[in-house]
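Two complexes come next, and they have one chain in common, subunit A, joined by subunit B in the first and subunit C in the second.
Entry: the complex of A and B
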């Protein structure tokens, strides 16, 4: 009797060991390696109040928060360096934890040690089977930034009109466009577009490269789509430069250049239809003109 | 020698019988009760679309036909289907036209190519709210090439455009090729079913799911009807 019980419990332990090793999540950023097992107790200390025991964003604090805490079980994340619909990299998650999310209740966890943060990232990954099932996604390639010139800014302004960013963000970028009041996120919660005039930090960073990444990878889980298929990289930088000028009270190179040009954008260039020309020069109008 | 040829003969007969005998399940999807009235869609915020509709569109989550027929119900073989895994080579198309998704419900097979086109003068963003599959969100300005995507797992996916909040549609990703969408008076037809036991499921985006078991023995057409209870709101 005892023997059978022993055997059974041994088999049981073996199964658990195998299962947990299969699911043991790790996270890697640079030289750091995090382990989900270590992250678990850290999660209970720092994260569980909002993100919940099941990692589904239904923590005790959640009913009082807007926007709601991230649901890790859905594995849809706003701030990624990967294309829309893909999982973020470990580094994306690590940076998000450290940076926090402006205009939300997610604080910056920068005071935590690097090891703590990477352990937390590893544990967060254990909430969804997608990190088992999916191959790591390609990271968006970001070319070097182009010079900030009035031409670049003006062209960005044309794109802002053509791509209809103003429909949500408004003509001045105040987040008051015609569609703004009806926007809902993927969990049907009302959500507002980013207000550029406030000058605050974007959800996913403060630098030009972060802004580039935001509209090229899209902000998954929100109405903000990816424009990666419809903007050439050079044009994307033009758009970045223009968007910076919507942050009117923020000191930036873009605002200086605009001011030096008299505060006015250049008029749009007349469109030259050259359908046969290979797209070496950016075929700027994101509303494609026959380009495949 | 004789036994061999008899065996050969019998096995040929058995194999060919499965090819010869293919039944059909057909029927009607209807509703009881009074459905909520479809609401009129106000497209005044998008004049380029509003002018395409002489009479304003109405919401399409419940579309009824004559004799209490219920349309846009996905009727499919949910168990017993013999062809799972065969991905049709041809793509299915989802069109954004007049700020409306055409068709409202688009069934497709897992991994079948989905082509999304924008025929409007306005940008749309195509945002399928997948929960089992990946959720992605892409902008599609006018004049840009079709978006090509596919889904790896069966799921009923709600599709929306954030810019135009009235736009709503459904991707029905199926693991079988034996599906149909109820049209007209709610009629549907599932042909080419070899002899066997099947479970037929009918799915409506508002009224839920119903199932029925059916057995095909030969060439017959089995009549299977589904009745949904309409919701007043």
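Entry: the complex of A and C
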């Protein structure tokens, strides 16, 4: 009898805990506050078909989709302004919902009202305990963009080789590098590297700043790593400028500058021998701003 | 001999009007509701893997996400819209039909058996709605189409819609061009109406006409216009545009003045339809929208004949009719109200079926009338919605001085619910229950008020 009562009280406590976590889960962007309880109804209306009732990406449509819908229970998100391994900010999720994901079945939900989107974000956060257990991470600070010059583009081209971006994205950025066919995501699903030559919008935004953020924070859950610890901000902008020239059909300042230079990159500078520097902490403070 | 040969005596008109109106309204309501195609298209749900509720408040009524999808030419804009991304076996076809039981009653209908000339008439039984075959999608990026072979409940087919649309011209969502037969850009769409019964399955404001209910037709074998142009799909071309989230929308359409009938049966005239709307967010209450529209139409009153038979397309003596309207969609979370005001006017020649080359009957002048509508929905959840509508028409000017000021005034009340027992991305099914009642002032054969009512229990499915 006592054992039954104990079990009942445990179940009761569990129900209260789940219910209170749902009620308490909020999301904040600017003046907006999203509530998970409201988001739950909206999730049922808009998202459940792909992401599933439990948010595990196992909705009715999931078997037919490529790439697969996000598993919110894992709380691993591609588009973040936070460094790799961290949870995204509420604003990151809010923007993802509004932007959608190019070349996937996830549409842009921009037509929904701001309140609807923030309520959905609040509910999405209720699927994983990570949102309770982890503190908000620092946001990557992005320094002002450096001028687009042929030197910048050429240096970006050198970095493209040095960092071995070509292994996945291919020498011409077609997403057909030698490793491309072997890539899988964190769910062991085959994944294709971005094809720059298509000229389409990047998964996590369309602007140069978005491209900078993508490779500095990495695309969690995919083989695309974070380069924040590897390159300096000024180099990162050079890489952005070079990557833009791989989008040959897209009108851009980078393509204009390259065209003005005869369509050819400058030859690589001979390596300068630099004095040994002590190992640096992962740089997310936006140090370095502009070309010297 | 024209169908609209002039009849000058007012009393004859009045009698004809009363008999005609009672029967005419009954027939009109039945015809409109039984052939009303809708644009809830599970082929889209199957293509994009979304439940109906993503695009529909409760299908077939669109929400703003669905409106944007439609405005974008049935494209989501995530590089997966073109048919080349779909499995070749994907076929963009959907069918909708509604087996149902219904009961209709008109309390004062003219019959040959009634001693007073009018009696209460009740019919009921199991029945079918019309069938809609909806094929829609994209032919290529930024080229969309809709083809809707549609049948009445005797399987007599016609093309309810057949159009192609060039979307996002000049890479701008503000410029889209549609050509063919299409529904006018009505936010309050009768093709997505949530009520289905004979009396409740139409917006009175879109179809009401004074006098005998139907304006003149130059050929008696042709269907006359079923209203003021707005409720029916029309043939022509449309230029439309919208902001990215469709909060701001406009549309301009130039239409053949044939009320959507093919083969140019009437004349060489053109109608015009204009609409504009603006939506705005009101915090957590939802998206509110206000808008206005205008329809400027013309219809011939006589035409050329050969051997006494009307020559199609040669209608003459065009006379104007018009409708302007203002509407609002107001959301208070789960509760929403649609309000609409309309003002209508038509030529006395059309209202009295008088050819323009002869004199109008004594005391005839251009009739005008106003419509007001409040439609309320309570969306309990995406699978259950309660519906209520009050639709009223008030004559402000009668076509003949001999008619009472309130003759033909109309009140319509409809309420019901739709329950969707399941919701997925493959098909749609709704259990639909509705009651509707329409009362018209002084239109019975003896000059009394007449009331028609409908009870409808349907199993509305679309696959």
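FYI, the second predicted complex is superposed on the first by the 253 of 292 C-alpha atoms of A that agree within 3 Å, B and C clash if a C-alpha of one lies under 4 Å from a C-alpha of the other, contacts with A are read in each partner's own complex, and residues count from 1 in each chain.
In this section, a residue touches a chain if its C-beta (ideal position, glycine included) is under 8 Å from a C-beta of that chain, and two chains touch if they have at least 3 such contacts.
Keep in mind that this is a model prediction, so the values were computed, not measured.
Enquirer: Thinking of the overlay built on chain A, is A:225 touched by subunit B (first), by subunit C (second), by both, or by neither?
Expert: first
Enquirer: When the two structures are overlaid on chain A, which partner does A:65 contact: first (subunit B), second (subunit C), both, or neither?
Expert: Only subunit C; A:65 stays clear of subunit B.
Enquirer: Check the residue A:48 against both partner chains and state whether it touches subunit B (first), subunit C (second), both, or neither.
Expert: Touch partner of A:48: subunit C, not subunit B.
Enquirer: Name the contact category of A:114: first (subunit B only), second (subunit C only), both, or neither.
Expert: In the superposition, A:114 contacts subunit C only.
Enquirer: One more residue to check, A:178. First (subunit B), second (subunit C), both or neither?
Expert: first
Enquirer: Kindly classify A:166 by the partners it touches after superposition: subunit B alone (first), subunit C alone (second), both, or neither?
Expert: neither
Enquirer: Could you list which residues of subunit A make contact with subunit B in one structure and with subunit C in the other?
Expert: none
Enquirer: Going by the contact rule at the top, pick out the subunit A residues touching subunit B in the complex.
Expert: 74, 76, 84-86, 162-164, 167-168, 178-179, 182-184, 186, 218, 220-230, 286-289, 291-292
Enquirer: In the complex, go through subunit C and note every residue touching subunit A.
Expert: For subunit C paired with subunit A, touching residues are 48-51, 53-54, 64-65, 67-68, 76-80, 244-246, 281, 283-284, 286-287, 381-382, 424-425.
Enquirer: Over in the complex, which subunit B residues touch subunit A? Could you list them?
Expert: It comes out as residues 45, 122-123, 125-127, 129, 131, 134-145, 147, 162-165.
Enquirer: Contact residues on subunit A for subunit C in the complex?
Expert: These residues of subunit A touch subunit C: 38, 41, 44-46, 48-50, 60-61, 64-65, 100-115, 200.
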